[in-house]
Each structure stands twice: as structure tokens, then as C-alpha cells.
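Just so it is clear, A, B, C, D, E and F label the chains in written order, and each chain counts residues from 1 on its own.
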Amino acid sequence: MLTDFLETTGFAQMTAGNAVMICIGLVFVGLAIVKDYEPLLLVPIGMGIVIGNIPSIAGMSSSVYSQGGIVVEDGRVQTETATVIDAEGREREVERVRWVPGSVLAYLYFGVTQGIFPPLIFLGIGAMTDFSTMLSNPRLVLLGAAAQVGIFLTLIGALALGFTPAEAGAIGIIGGADGPTAIFLSSKLAPHLIGAIAIAAYSYMALVPVIQPPIMRLLTTREERLIHMAPPREVSKRERIIFPIAAFLICTLIAPGAIVLLGMLFFGNLLKESGVTERLARTSRTALIDIVTILLGLTVGASTQAQTFLRRESLLIFGLGAVSFAVATAGGVLFAKFMNLFLREKINPLIGAAGVSAVPDSARVVQMIGQQEDPHNFLLMHAMAPNVSGVIGSAVAAGVLWSVLVH
Amino acid sequence: MLTDFLETTGFAQMTAGNAVMICIGLVFVGLAIVKDYEPLLLVPIGMGIVIGNIPSIAGMSSSVYSQGGIVVEDGRVQTETATVIDAEGREREVERVRWVPGSVLAYLYFGVTQGIFPPLIFLGIGAMTDFSTMLSNPRLVLLGAAAQVGIFLTLIGALALGFTPAEAGAIGIIGGADGPTAIFLSSKLAPHLIGAIAIAAYSYMALVPVIQPPIMRLLTTREERLIHMAPPREVSKRERIIFPIAAFLICTLIAPGAIVLLGMLFFGNLLKESGVTERLARTSRTALIDIVTILLGLTVGASTQAQTFLRRESLLIFGLGAVSFAVATAGGVLFAKFMNLFLREKINPLIGAAGVSAVPDSARVVQMIGQQEDPHNFLLMHAMAPNVSGVIGSAVAAGVLWSVLVH
Amino acid sequence: MLTDFLETTGFAQMTAGNAVMICIGLVFVGLAIVKDYEPLLLVPIGMGIVIGNIPSIAGMSSSVYSQGGIVVEDGRVQTETATVIDAEGREREVERVRWVPGSVLAYLYFGVTQGIFPPLIFLGIGAMTDFSTMLSNPRLVLLGAAAQVGIFLTLIGALALGFTPAEAGAIGIIGGADGPTAIFLSSKLAPHLIGAIAIAAYSYMALVPVIQPPIMRLLTTREERLIHMAPPREVSKRERIIFPIAAFLICTLIAPGAIVLLGMLFFGNLLKESGVTERLARTSRTALIDIVTILLGLTVGASTQAQTFLRRESLLIFGLGAVSFAVATAGGVLFAKFMNLFLREKINPLIGAAGVSAVPDSARVVQMIGQQEDPHNFLLMHAMAPNVSGVIGSAVAAGVLWSVLVH
Amino acid sequence: MPLVLDLHRVLEHDGLEIAVTGMLIVFAVLALVSGFIALLPRALARLEAVLPAPHDAHAPRPPSAAAGDEVELLAAVAFCLHLEIERGRREH
Amino acid sequence: MPLVLDLHRVLEHDGLEIAVTGMLIVFAVLALVSGFIALLPRALARLEAVLPAPHDAHAPRPPSAAAGDEVELLAAVAFCLHLEIERGRREH
Amino acid sequence: MPLVLDLHRVLEHDGLEIAVTGMLIVFAVLALVSGFIALLPRALARLEAVLPAPHDAHAPRPPSAAAGDEVELLAAVAFCLHLEIERGRREH
């Protein structure tokens, strides 16, 4: 019996791939703790990777892929007769469908595969986002559009590398620098790649302070980086209330594929700004988003079992993701320089880099690079405008890709 | 491609009905913000109406009605063969049922259609309700019974207008002035009317300060409105602990249809009063009720797509709902006057109007009308007794209607 | 009609068994409030027992066992044609599977039967547990192993009494003194016994201050009870961060059946200790664990309908559970005495009793008994080490039993 | 389509009976609740002699002065219920 | 397996067209949003003359004073509903 | 029905074997955990010489100063991935 049992242990079933993945999970946790890179996501994902790569026992799998379901044999749903106790406490024979239960992680992972968690996270993000800076400087909104070029160039790259159009769209969205959007779109277009795409998206979001600065310095002159911008005007309560509703209508009447993501984002923001639903906004941006973040991070991490994750595609996806982030950053910066050709009040082109989203890390990077040139230049607030418009931009891009690429 | 895409946009598919509904949604949000009418429900419902009326694309619907499910053709469940990766990471062919995923809002709406959200809201309401005033003045409990006459007269009206008995029962419950009860009963008796009934119930609850005052003034004399009532006695901790359990037993042994609603209401109250489960009570009346309110409001709103909502029945339901509220108010006031025929210590008949529930708005209306006659008359606390007993009363009525009208 | 209705009331359908169960529920609530025994669980379970034993009406059952599901007749899934409104608002005929909805409590009970709630509770427990004392005194970990002897001796007893091996394993785990672990394992090995096993486990956990002291006094001398222990050393932040990950790997590589329970426990602890995910830890140990505790307690209580619960097996399970707790306590105490044969710095054998888990009640009992001999002996902190290692020990035991006993 | 109130439909579907039964049950339930909470302080006061008080700062107060009123109201409700039940039985 | 960039595949699957369309739409949407929020303060300033400032939720308010407004709104909603239903009927 | 303890059933279902195995595994696991946490402080003390103390999340940090570290880590991850895939390919 002891030997029998020992054969079922993880040590006996462990593959080299599992060990590699567990190390990657530990690196994620380490980066989060030591470097403070997106810890709210890297810690759950990292621990998820560790959990998902402990080999489990056949018949009692804990994998997110052990979904359970109705038993089918020879093209026919299998049924069975069972004895149940009815409302009056009498035993009764009933016929029912034969059914295999799923694992706990598979039940939780349902929120990922069906795209339920990302909109709930957007609800919380909406309830914590202040759109004031953007409202006070509307032209900066366009920078959030320009940075989405990373999405579409990556799509082309992915097609060229042999991915199907649907897969290419899901991979491209990594360049949107928005974890929930990436997970939502890949759940619709390429469910088998959710793990790799989500991990890539969150990894690069965590690595924004590493990826963006060289590109930003390369594409700007010292003079440009020294540009100071006028402080934003104050925005009235009315504007802040009307904005989420109007923006929702504009975005989704054109790109209905973004209804759920943007509906939740702007609904959360309305809860925050209305002034009469503060308790709902507070719960959205605390308990609700925390619970969903924990479950999403853990199960996405656990979906990276070596057997499904350590494939050539994952490596390609990571490569394309890096390109995507770089292109998006360049797109934002260059478009800011292009706008400066026409504007009297010049924009500091560094803030274009914040258009990739990765809220609020990329805005912080802008602030840092700006201060390296001039310690009295405070760009953070200005960078928040392209930063939040980049969230809207990538959700719209996701909506477009969904409607164009779904068969 | 651009033209193809443009044909899928909301602008192209929008109907006049959708536009009308979006305007109604905006009115809801506006009333909540400007007039502070039940904002915790009208903001989510209003935004939900807007979201539900953006036309979505065939094959990628975001509607609450896109439920997904097992594919059936020619009376036979369809199956398919798929390649999955098993616990040991080996690819394996499995037969499984063919299945179409639902939309995110449809998954969330499941909590409405299956009646899961209303009891959870009742749990939170129980954990925030103080039954002390009612315990200190037991005869006021009967006012909460009298006001339920609106439910049953409306049922008769709905039958006369051609609704089926089950539909009539669900419509009648609008007069219970209790959103969760109305949604729970209509999910059991008339699922196709949930949207209209819920919107009517919450609209009239929001409009309590408009509907009730004229009726209250019409049915009472100035002398009656001036009646002062003795301050309620203090209630011991023991009474407050015993009450929820005893009341649960009394109510559900007679009306078992109310087990879930009243079970949760009194369970929440027990958590609050027991003195040893304060952390559970606090979570019930904050995070839990907030999360459920957000999801319920949003999806109920989104269920009012013009195509399913703009029908003759909805107009009739709104009309019946108005009658129902008026009759309920009159019932409470007149029964208070009737009770005064027998009582030595007179009741101020205004507080009968609080028996409709609509906690705590109708109690506030009583206070306001009372103070218009005599600024030193504080009826709020007295009105809370019929107010909370009205909640119990309509849950009992819902239980009775469920058991009588379910086929 | 009234007489018809009266026949459906609870009074008419009530059995003596239901009345007995309702009284038991009231005793649970009373013990929780008056004696403060595990109130966070006994109040929900007690109220659940009351709710579950109000007879409900056929066709509108509120029982946790009214699961709903696909309709099968003559070995064939039944289908139906229904009129639905599609995304464009047009009525359309669709074929679909015939389906009976479940009761609200049955939907909530799904989290129990599928073992989803216990790991979520472990997440919260992990986020509130401080492993420092254990880290500072590693040899006390073994006491948490010794106390699991109750599990395995009870398993033998249950086999001898005629239970199947799977049932015997689920019953044995009562001796683990850990509610979530007991529910998780019985959901996997003996779903029909979940109610009895959960109630027994929580009852005895509540009764720890009654069961343990006599055994502890019987097995120790006055001199032993007077042993003082050196204060624990301070533990570095690094140790506290590394511990949950390393312990998870050690435990689950040997006993993969514990992946989900221990994964969540140590994940929660990592969220707490990492220092960068405090908001996730806070939500895990407040809103999340509270919500799950409410739903788990209530539905487990409601699963004890007299008709399924008042059987000979339940009585046997309660008897075996008592033996199990007693044996576990004795095991912990005796093993501490055995360790003292080899140790220079003696352990106070009372703290062995805390190895049963029942966190933190059994550690408090140790403190109390210790102070009865010497008011200056503070054993609480020392007792926390075997206490938390007992949680790990019983989760490992559950993992082993699951893999050995699942067919 | 004009609004037509078809009262025949009401009778056909037992509308009146449902309404009357429903109101009676709601009244009966709430009357019982009312009676229970009217009697509760007295019952607790009697128990006080037998059992110790729970660790509670608030001292129990004497029951409501107007308790007699509820008993009268309760009696009236009970009488209505009784009549209705008799009627129902005669019909069957 | 070497990394091969097959640009033919891109054209075959309308990659360029999708990319260009996508960027255009993203720009169009955000340009509209940008325009809207640029015009919003001016539009609100003009409305200011017509309508009163938004109600402050914390200020005391006389609940029934403005009762007329809601009745009008409700009437408007009912009227819209009515018109829409009539229109729908005429079309069938 | 009398309480009968049928010890034959225990042996028949490997009850003793399961119990002994189970206790052994529980002890083995917790002994390993115990050993690990006994050794951990010493292991960390040795590492201390090599690596700096853990980063304090609240202290200001120069975001790009340590950029080299991550690049190395990423490179390491990519290299592992590559090796693993190559290995996998060779096996097929």
C-alpha cells in the first residue's frame, strides 16, 4: 500500500517541464515581492503556476482543465437511475443524466473561460478611476488611440508566423497592455491560448519600467523631454457624471463588441461619480475586485501546466508580446510628436508612452523619465489622460477584433 | 471590410424602441442623482437599461437572454469529439456534449431568473433592520398586513385585464412595494415578466414621495394627522434574539412558500442581534448586499431590451402597479382608522401608509406629512413598525401566491 | 381554497423528526449565543437546521436536495421546442433540453457538494494565520502529526461498524477537528454523509472546552502540567514569506490529494506575509471568508432534514466522532510525553492536545488548563504551533485518504 | 386594443377566493406574530425567575400597557378566519 | 523549426485590411470621445442658463415640493411607451 | 440493531494498512516541514552574505537602476523554455 501510494505522489510523476514552470512561478512571486512589480497580479499568478504544476492523481485531478460534465458514449448522453429523497422525505427512484463532477479549480476557472471575471474587474477599475485629467485635456485622448497600433501590427506579425486569424487577434491584444481585456478577448477568440496570453500580458505590464524607458529615450530629444505642460483645469461634477454614460454610448454604438467591458468600466465610474451610490462604488473597488482578482490570478496561473504551456506557441506569444509593447510605446510617443506639428501648446511626447495603458505603471514611468531630465517637471497627472484613454482604446480594439474575427 | 464592420455597428441596427428605452434609462439615472430617489437601485437599473439597449451583433450577443446551453437538433442532444489534455498531460480524444457558451450578462442574470439574488439581498436587509420599534408596539404589526390588500386587488385587476392567474399573481406583488420579493415571485410565476415587474416595483418605490402624500391627505382629517404617539419602550436583547427565530417559525409553518425569503431575512437579523456573529452581519449588510445589488440592478435593467419590453403588457403592468401602490397606501391608512375605533391609545393613521414597505422611504414620507401639520410630531420611529412588518407581510403574501398559483 | 391551502402548510406536514431537528437547531444557536462556542459556525448551522426542517410544498421545495436538472425519461434526455427572442428582437423557435430549475438553497449547496467552499475558507484562514510560533519552534510541528491518529483509528472503528471504506475515511476525518477539511473530504468520498459529518465535526469543535480537559488531566501529571517553556524567538520576514511556498511544495509533492486545500491555505498566507498584497489578504480574511462561511453554514445546516438525517448512521457518526476527538487529544498529549524522553528542553505535554487543530479553541483550552495549575504559565502561544500544524496534518491526511479510498 | 375589464375572467380563475384567502392568511400570520411579541416580554419575565439573565446591559421593561388591545384585535381576526374556514368546508 | 515570417499569409487572411480598419475605428471612436468632452463644458454652460445646478445629495430637500416634475416625467415616459406600441402595431 | 464491531471487516478492507500508511505519510510530511523550517534560518543566514536584504516596498526605489536583473531573469526563463521545447522535440 505504501509503495502504491508513493507511485501516486508528485515526486514520482513530476516532469522536467513541471519543475521549470514551478521555477517560473517562484520568479513571478519573487519579482512581485522584491521589485514591487504589479504584485496584486503576479503573486496570485505565480502561486497559481506553482499549484498548477504539482502533478495530480488520475481520477482526482485538481487541474483547471478537469471540467467535469455530462458523460457521452457512442454519441449518446448516458443516463442512470438513482435513489433520491424527495421533498416529503420519501425515497424515490429517478432517472437522470450521468455526470462527472469538475475539480474546484475548474469551477473557479469557469469565470475565466467564459469571460466573466474581466468585466467584473473593469467594474472595480471604473469605480477607482478618476477621468478628470482626461476630461480637462481632451486632445490627449488621441494618444490612447495611437498606442493601440501595437495591437494591430502584432496581429499582422502573428498571422505571418502562422497563427490563425482568431489566434492572431487574441495575441495582438497583448499590446493593449490590459490584462482583463486580453483575457476577455482570448476567451472569445482562442480559449486554448488564454494562459499564455494572460501570462504574457501581465508579465510585460509588470516589466513596463524595464521595456518602455529605452524606447522613450530613443524616440525623443532632450528638448522634447523637457517640455512642461500647463496644469489641468478643474472639472465640474456634472461633466464627470455625464462622461461615463456618453462615452459608453459613443464607444459601443460604434463597436458593440466592447459592450460588456466598457459597460462595466463606465458603470463603475458612474457609481463613483454619481455621488449617491458611494457604497456600491466602494464595494466594487474593494471586496468585489479583490475577490475576482484572487480567483482570476490563481486560476490563470494554474492553467499553465507544463503539458499545455511549454510549447513553441507560448514562446512565440512571448516574443510577439514584447514586440507589441515596444511598438505600442513607440506609437504613442511618435503620435505625440506628430500632434506637436499642429499644436501651439506642445505636448511632452513622453506622455504618449502612457497610451499603452498598463495603468498606472506606464504613467509612473513617464513621470520618472521626465524627472530624470528636470526634477521640477511633474508629468504624472498629464500622463494619466492617455493612460486611461488607452484602456478605452484597447477595449474598443478588442470589440472590433471580436466582431471581425469570430467566425 | 470597413463597410462590413459599419453594418454591424449599433447605429446601423438601432431601433426607435432602443432609443426610447435608452432615454428611459437616462431618466432613471437622472432621477436617482437629482432627486436622490432610491439611487442604489435606480442607478444600476438605469445604466442596465442603457447597456441592454445597445444593439449587439448576431453570434456575439451581450444580451441577458443569450443563455447558451446544450445544442439540440431533431429532438436529439448533439455530441462532438474533442481533443483534450488529461491530468498527465497526454492528448486524448473525448466525446462530449455540444454546447454554446452564454453571454456574460446572461450568466449574471441567472441569479435573477433562478431567484437566487433576492434572498441574498434579504439576508443583508435582515442584518441591517432593527425590529425594536415593532417589538415595542405589536399592534402596529397589523398595519403591515392591511397594506397588502393592494397585492390582492391588483391580482383581481390583472385577471380582469386578461393576464393568466400566474402572471396576475406576479403583477399583484408589485403592490408589496418590495423589489426582491417581486423579483423572487415573478421568477417563479412569470419569468417572462421579470423585467417589467421589477422595473415597475422599483419605479414606484422610488416615487413613493410622489404617490403616497395625496392619498394620505385625502383619507385623513387634520385632527388625525395631529395625533401624537407615546414613545416606544425599550426592548431587551433577549426579545431581539428570540424574535427572528420565532417569527420565522410562525410565518413559514403557515406559508412555506416564504421559507427562502423570510429564512434569509430573519437569519440576517439573527446574525445582527445575536451579539456573537457581528462580523458575519457586517459583511452581509455591506460587501454581500452591495455585490448582489449591483449585479441584480444591472441585469434587471439590461433585461428590458426594447424588443421584449416595449409591449402592451408592460404598459398595463405599469398601470396596475400604480393602482396597486395607491390601494396599498389607502389600505394601510384606512385600517389604522379602523383600529382606532377599538383602541384607547389612538394610532396616527398616517403611519398606516408605511405598511406598504418601501423601507425606509414610506416611513420618511409619513414623518414629512406629519411634520407639515405639526413640526413637533416625530412619527418616523412609529412608522418603522408597519414598515418592517410590511416586508414580512408581502413575503408571506408571495409565499401564499406561489403555492396557490404554481400549477 | 383555504382548506386546500391549509393542507400545504408546515403544521399539516410536520413530522416528529422535523420537530426534533428544529429543537437541535435551537440548541446550536443557544450554545453559540450563551456559551460563545464557535458562534460563527453554530449560528448559521443552527438557523440552517431550523430552515431545512420546515416542511416545504411538493413542486416548490426549498430543500438543498431539490437540485433541478435535465429531464430524463426512458433513458432519453427530453427536449422541447420553445419560442425565444433573439439578439435582433425577432421571435424564433428553438429546440432545447427540458430542464427543471433547482431551489435557491440547492444552488448555494452546490458549493458544498462540489467542495468549492472549503478551499475558499482555507484561503481566508491562511490570510489570518500567523505561522511565526511554529516557525520558531519546529519540533512542535510533530505534535500536529501525532494528533491525526484519531482520524485513522476512527477509520478502523467505522469499518468495524459496517461502513464502506470510503464512508469510513470521511467519518475518520472528523478527528481532524477541521470543518472545511471534513466537508471537502466527505464531498469527495461520501456525499450522502456530508451533513452528518459536518455537523459532528463542528459540534465537537464547539465542544472542545468540554471534551478535552478531562483527557488532558488524566494523561498528565501535575509536574508535567507545570512545565514552563522558553519564549519563542522572533521570526524574520523572509522566513515567513518562504514558508508557505516551501511547505506547500513539500506537502503536495507527497500528498497531491491536498493540493486544493493546502494550495489555498498557503496562498492566503503568502498574500498576508508578502507585504505587497495586503488588500487581497484583507479581503480574503473578511468579506470572502464571511460570505462563504454564511453560505456553507446555512446550507450544511439545511441539509439535515429529518428524513435524511435522523438515521442510525448519523448516530453512529456522532459516536465515532466523539471517540475520534478523544483519541486525537490523547495522541497529541502522549506523543508530547514521548518526545520529552529524548528532549533536553521539555515540552509541556498539555500543548499536544492542541494538535487536533480546532483553531484556536483547543489552544485556548491548553492555556486554561495550564493556568489552573500555575497562573503564571502562558501556554497559548506555544500551543498555537501544534494547533496550526494540526491543520496541515489533517489536510495531508485528507489528501492521503482521498487518493487511497476513491475507487 | 381597448382596455376591457372582464370580471367574468376573475371569477372563472377563482380570483376573489384567492384574494380573500390571501388576505386572511397574511392577517393571520401577522396577527400571530403580533400576539407572540406582545406576550414575549411577559413570558421572559416569568422565565427570569427560573433562569439567569443573559449577560445584557439593558434591563427588561414591563410589558406594554396597551397589551389588552391586541388581544381584542387578535380575537377579531381569529373570528374572521374561523368563519372563512367554515365556509370553505361547507363548499366541499 | 525556424522562425519564418510568411507575409503571404497576412494578405490571404486580410491582415492588412483588418489592421487598418481596426486602427481607423479606434481613432474614430476616441476622436468622437475627445470631441464630446471638448464640447461638454460649453454645452453645460449654455444649459446652465436654462436649468438649475445639479442637486447636492447632502443638502436638505423638501421631498414633495418638486412633485410636479416627476409626474411630468412619468407622463412623458408613458406617452413614449404608448407611441412606440402604437407604431409597432401599425407596422404589423 | 445492536452495535457489532466486526474486526474481520477491517482486515478485509485493508483498514490497518491504510491507517498505518496514513499515519506514516502524515508524520513524514510534517517531519520534512519541521526539518525545513529548522534549517531555514541557517540557510538564509548563509545567503545573506551573497544577496541583499529583501526590498522594502515602501522605500523609494530607482525603477530602472536594477533593470539588468530582470533582463537576466527573463533571459533565464526564455532559455529554460527553449531547452524544454528542444528536449520535447527530441523525444518525439
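FYI, contacts are C-beta pairs under 8 Å (C-beta built on N, C-alpha and C of every residue); 3 or more make two chains touch, one makes a residue touch a chain.
Everything quoted here is computed from the prediction, not taken from an experiment.
Enquirer: Starting at subunit C, how many touching-chain steps does it take at least to reach subunit F?
Expert: 1
Enquirer: Of all chains present, which has the mean Cα position farthest from that of subunit A?
Expert: D
Enquirer: Is the contact between copies subunit B and subunit C built from the same residues on both sides or from different ones, judged by whether over half of the numbers are shared?
Expert: Counting shared over all numbers used gives less than one half: different.
Enquirer: Farthest chain from subunit F, going by the mean of C-alpha atoms per chain?
Expert: Of all the other chains, the one whose centre lies farthest from subunit F is D.
Enquirer: Give, as an integer number of Å, the spacing between the C-alpha centres of subunit F and subunit E.
Expert: Distance between chain centres, rounded to whole Å: 52 Å.
Enquirer: Just curious, how far off is subunit C from subunit A if you go by their C-alpha centres, in Å?
Expert: Going by mean C-alpha positions, subunit A sits 35 Å from subunit C.
Enquirer: Spell out, as numbers or ranges, the residues of subunit F touching 2 or more other chains.
Expert: Subunit F, residues with two or more chain partners: 14, 18, 21, 25, 54, 57.
Enquirer: Where in subunit A do residues touch two or more other chains at once?
Expert: 1, 5, 17, 33, 36, 39, 55-57, 77, 241, 254-255, 275-276, 286-287, 306, 312, 400, 404 - these are the residues of subunit A that touch more than one other chain.
Enquirer: With touch defined as at the start, can you tell me which subunit E residues reach subunit A in the complex?
Expert: 1, 3-7, 9-10, 13-16, 18-23, 25-38, 40-41, 44, 54, 57
Enquirer: Residue numbers of subunit B touching subunit A in their complex, please.
Expert: Result: residues 1, 5, 8-11, 14, 22, 26, 29, 32-33, 36, 39-40, 43-44, 47, 50-51, 54-57, 59-60, 62, 70, 77, 79, 84-90, 95-97, 101-105, 107-108, 286-287, 290-291, 293-294, 298 of subunit B touch subunit A.
Enquirer: Which of the residues in subunit B come into contact with subunit C in the complex?
Expert: 13, 15, 17, 55-58, 61, 63, 65-66, 69-70, 72-77, 114-116, 119, 123, 188, 241, 245, 248-249, 252-257, 259-260, 263, 266-267, 270-271, 274-277, 279-280, 282-284, 286-288, 305-308, 400, 402-404, 406
Enquirer: Quick one: in the complex, what on subunit A touches subunit E?
Expert: 134-135, 138-139, 141-142, 144-146, 148-149, 151-153, 155-157, 159-162, 165, 168-169, 236-239, 241-243, 246-247, 250-251, 254-255, 275-276, 312, 389, 392-393, 396-397, 400-401, 404-405
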